[in-house]
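In this document, chain identifiers A, B, C, D and E correspond to the written order of the chains, with residue numbering beginning at 1 in each.
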Amino acid sequence: MTSASSTTTQTFTAKVATPTTRLVGAMAIVSMAWVVLGGLFVTPSDVNQGDAVRIMYVHVPTAWVAYLAFIVTAIASACWLLSRKHAMGFDRVAGASAEVGVIFMAMTLLSGGLWGRITWGTYWAWDPRLTTTAFLLVTYIGYLAVRGLGGSLEQRARRSAVIALLAVLEIPLVHFSVLMWRSLHQRASVLSGDGDIKMDGSMLTTLLVGVIGFTCTFAWLVMHRSRVLAMQDAVQSSQLDAALQDRASESAGLK
Amino acid sequence: MSLVVDFRDAVVVFNGFPALAGATFQVTRGEVVLLQGPNGAGKTTLLRACAGLLPVVRGSANVLGIDLCVDRQSVRARVGLLGHANGLFADLTIRENILFWAQVIGASTDEVTATMHRMGIDGRIADEKVSLLSAGQKRRCALACLVVRRAELWLLDEPHAGLDAKGRDEIDAIIREASSFGATVLIASHELERTKGLATRSVSVVAGQVQ
Amino acid sequence: MSLVVDFRDAVVVFNGFPALAGATFQVTRGEVVLLQGPNGAGKTTLLRACAGLLPVVRGSANVLGIDLCVDRQSVRARVGLLGHANGLFADLTIRENILFWAQVIGASTDEVTATMHRMGIDGRIADEKVSLLSAGQKRRCALACLVVRRAELWLLDEPHAGLDAKGRDEIDAIIREASSFGATVLIASHELERTKGLATRSVSVVAGQVQ
Amino acid sequence: MSGLGARPISISRVARVIATKDLRIELRSRVVTNQVFPFAGLVMVMFAFALDNDAVLSRVAGGLVWLATLFSLIILVQRSFAVDSADGALEAQRVAGLDPAGIFIGKAIAVMAQLVVLEMLLLLAAVVLYRVELHISGVVLLVTCVICATAGLAFVGTLYGGLTAGARGRETLLPLLMLPVVAPVLIGATRATESAFTSGGAAVSDGWPWVGVLAVFAVVFAIGGILSFGSLIEE
Amino acid sequence: MSGLGARPISISRVARVIATKDLRIELRSRVVTNQVFPFAGLVMVMFAFALDNDAVLSRVAGGLVWLATLFSLIILVQRSFAVDSADGALEAQRVAGLDPAGIFIGKAIAVMAQLVVLEMLLLLAAVVLYRVELHISGVVLLVTCVICATAGLAFVGTLYGGLTAGARGRETLLPLLMLPVVAPVLIGATRATESAFTSGGAAVSDGWPWVGVLAVFAVVFAIGGILSFGSLIEE
């Protein structure tokens, strides 16, 4: 038993960092450093908002990457449902991506709240964008709770896949909420669809680099997290080996 | 000789505990098999796995020719399970409970009446809410629901529990009859004296394995 | 000779239905009485009435010298009831369940450990949530809770149900021991072969009356 | 006994039998009429207490009706599944191989029937208590809105109810999962109702796009439920 | 076994054992932390959403906190008794002759402990979300108010929870019975909290009479419960 578990450990320590993750990690570090420098020193402050506008370089990328994370969760879930063998890798990516997405969405709320305190004079308002964002966060916390309900791996995957596919439908609601109601929150200025971007060049560049940086961070986190989840599943399976042997000796003892 | 149940090294896990720890177990059509074994051995788990209710995570499990590792749904309409719980709707009467299953399955009302008479739950209590019945009366009702379903594989978990002497005789007769119609019956029970005569074969379940 | 249970023409009614229809029934200290009878006869009702859980609307009912028509509370601390339901807290472990009753009653932790060992529910399952146990393991736990209570009058409703052979032997030993310490025991059961040897006397309950 | 084996069971038959069973249990136990309805009424009154302002009240009447409906929905759904899972009857349905889509539709229909009655009463209460006005074109809008919203709520409720039924301690997961999802219904139905009530100067025609949103929502969750209910009620 | 017979069991021992048991079950199942707390939060958000008016919101923040507490109380109490009556454990407690007053106090203490944590979080949420302001004299008032109101709510909840526990279909009777009775707590606590928040121009000192009302309420129901709980949990 001990030899078996030590070999599994070895296999996985070997897999923890791969060239891909190293590359993505390096890209994340570089672009995040660029955002910090660009966001704090290079870009101008806003006419109306002053230096507060710099929060944008965190606020907007985290929001978009959280969307991305939830979409990845949905796609991975769909892949799990459709794949004939029900490869558990898809399920782990779905779970990891939702976890990271929840963290990023929380960062959006936090940064938005701070920003709002400065510009609107309040951390929170009952604005459709803000409220639907909060709902989206809660939905994915619920998703994670469903993943924690227990049962077999397959059941966990199946149940959470359904929830993920339904939950992702909320993203358009959040995105279009500013159009559907009168809103305090900024209307879409980058992703407005008319292709007309109303922003200073360096600001836009920094924002885009921010998006790349957060995306790389997201990818790096998801890759590592799903490996950790894979290891957890493997540990579970080796624990099952041990438990099976225990029961076998119990039955031999009773015979 | 067709195998109705074919488990090979089947493992069923609850939160990391292997309640079925590599069970190998075959049953051919028409057999009446008694499962015996100490408390917590895994009898209930084995029956529920046969009904497609529990995922088999290792080994292979075939019931009525269907591989349970692939499809746990389609076997269900063909098996009938009487568990420790009765599975009755507490707010409906005995008659309504049995009619529910009969309607779902397409059995006739006559059949319902006949089954109720047979199980001794006609008369006053037939239109009494199930929650108001005695333990044995509830068990009889659960049995009646099972009888109208006419399953190919009967999984009975301590069917005698709570039944009086007459009820016990009746259930023995039902099991014999089902088996004579070609059904296969698995019975988990601790009342060995009573079940031994009934079963064509008896196996013991110990610590999650079938011996 | 002191009467522990003294029912005379006792009537217990549920929604107009007399589940106990004039039962007359005496038990003296130290007896082990077996109640037998068909399903729905009123055995459970009789036991629950003895525990002071049901109002006796006609006739007289005395348990341990207390008139149940006047006071159904004070008898309770002195009787122990094992019903069809186990009365366990599903989210607590076996150990916590038994400790709960021990603490309430003032029994020692040693006693709890000893009882758990005796009922064969120490080891792995001792710290398992009750909702995750097998039917027989739950029953064993319920029995252990009863044993630590050391009641003067034991009311056991189908105590053997769900227990394996070893558990059945253990419960017989417990009943004998309790009776040797001066406790009185009423057992409602359908497993006559097993209980007959145990009981000093057996009565039948039929249609709400004791014969 | 005459032969063995399963006869083919159609989805619509399963749905019908299940809906009948659920409604019969409700009629028998009268839990909804006697307890959920008054509860919903109380919620409305409680709001009035907490807000304590007539002008505000009549403006938010629509929102309150749907909020009260939502809380009642949680109770309705919990009860609908408690009835099944009490003695392992939900498991019995699963093991009997009833088509999960049929179970889903049947249970949703039963919930819908109860909800519609409830909403009628709540709207009536709103009209009386909060003094809102209603015209004939408003009534048409209102009825359509109620139908679409109810279907959406019932489907979502049944879907998540199935997921959280059965296992111990899961019941309380229901509101957490369900409330964010039904938020669009709350908004849509509220806005449509406000238009129907012409509160805050809204025009009746403003309400129709919202009804469209509600209809889409109902269809999405009906399809989602039919496809996925089987996997959700599995252990 | 060494001799038979009941040892005397004091009320305080029963209360302690019961409270420990209830709290342990909650800690084990994490239902409250994981599900009731988020539910209460959602209720707050839902209100805000349905009302959709900032000025109104900050004026009624106090009311909303207590309304959310009330809904959570219903769930808490239902859960507290569901845990007991699931497998006949409440009956086992009755038949074991545990002093009903002890059971009452024990269960009320467990509910109280959970409620206090919940209220703290809700008040915090109100301060953040609804933009209310709080001064030191307000904090003193608020803490006293929370203590008195919580005690009152827990006693009423346990009292009616016991009444509705056990029998089938009675669970939904709980809100119906309880909500009207706790209306005074809702009003009193709301007014006191509003004073503490100085919303709508209220002065902090205005709140103290309401706290007095809350205290009287708590004492009345504590005594009522201790005297009558035994007869309520009888069949």
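We adopt the following convention: contacts are C-beta pairs under 8 Å (C-beta built on N, C-alpha and C of every residue); 3 or more make two chains touch, one makes a residue touch a chain.
Fair warning: this is a prediction, and the values are worked out from it, not measured in the lab.
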Field: Copies chain B and chain C touch via same or different residues, half shared test
entry: same
Query: For chain C, which other chain has the most distant CA centre?
result: A
Message: Quick check: superposing chain D onto chain E on C-alpha atoms, how many degrees is the rotation, to the nearest 5?
response: 180
Statement: Per the C-alpha means, the centres of chain B and chain C lie apart by a whole-Å value of 29
Task: Take the average of all CA coordinates in chain A, do the same for chain C, and state the distance between these two points in whole angstrom.
output: 57
- prompt: Roughly how many whole angstrom separate the Cα centroids of chain C and chain E?
  reply: 36
Geometric centre distance via CA averages, chain D-chain C, whole Å: 45
Field: Contacts with two or more other chains, residues of chain A listed in rising order
entry: 131, 135, 138, 141, 145, 150, 155
Message: Quick check: what residues of chain B touch more than one other chain, meaning two or more?
response: 15, 38, 90-91
Query: What positions in chain E touch 2 or more of the other chains?
result: 29, 35, 38, 42, 49, 51-53, 168-169
Query: Can you name the residues of chain E that touch chain D in the complex?
result: 29, 31, 35-36, 38-39, 42, 46-47, 49-53, 56, 60, 63-64, 66-67, 70-71, 75, 79, 168-169, 172-173, 175-176, 179-180, 183, 186-187, 190
Task: Spell out the residues on chain A that touch chain B in their complex, using ranges where they run on.
output: 150, 152, 154-155, 236, 239-240, 243-244, 247-248, 250-251, 254-255
- prompt: What residues of chain B sit close enough to touch chain A in their complex?
  reply: 11, 13, 15-18, 21-22, 38, 55, 57-58, 206-209, 211
Message: So in the complex, the part of chain D that touches chain B is made up of which residues?
response: 1, 3-7, 9, 13-14, 17, 21, 24-25, 28-29, 83-84, 86-89, 91-92, 94-98, 230, 234-235
Query: Which part of chain A faces chain E closely enough to touch in the complex?
result: 122-126, 131, 134-135, 138, 141, 145
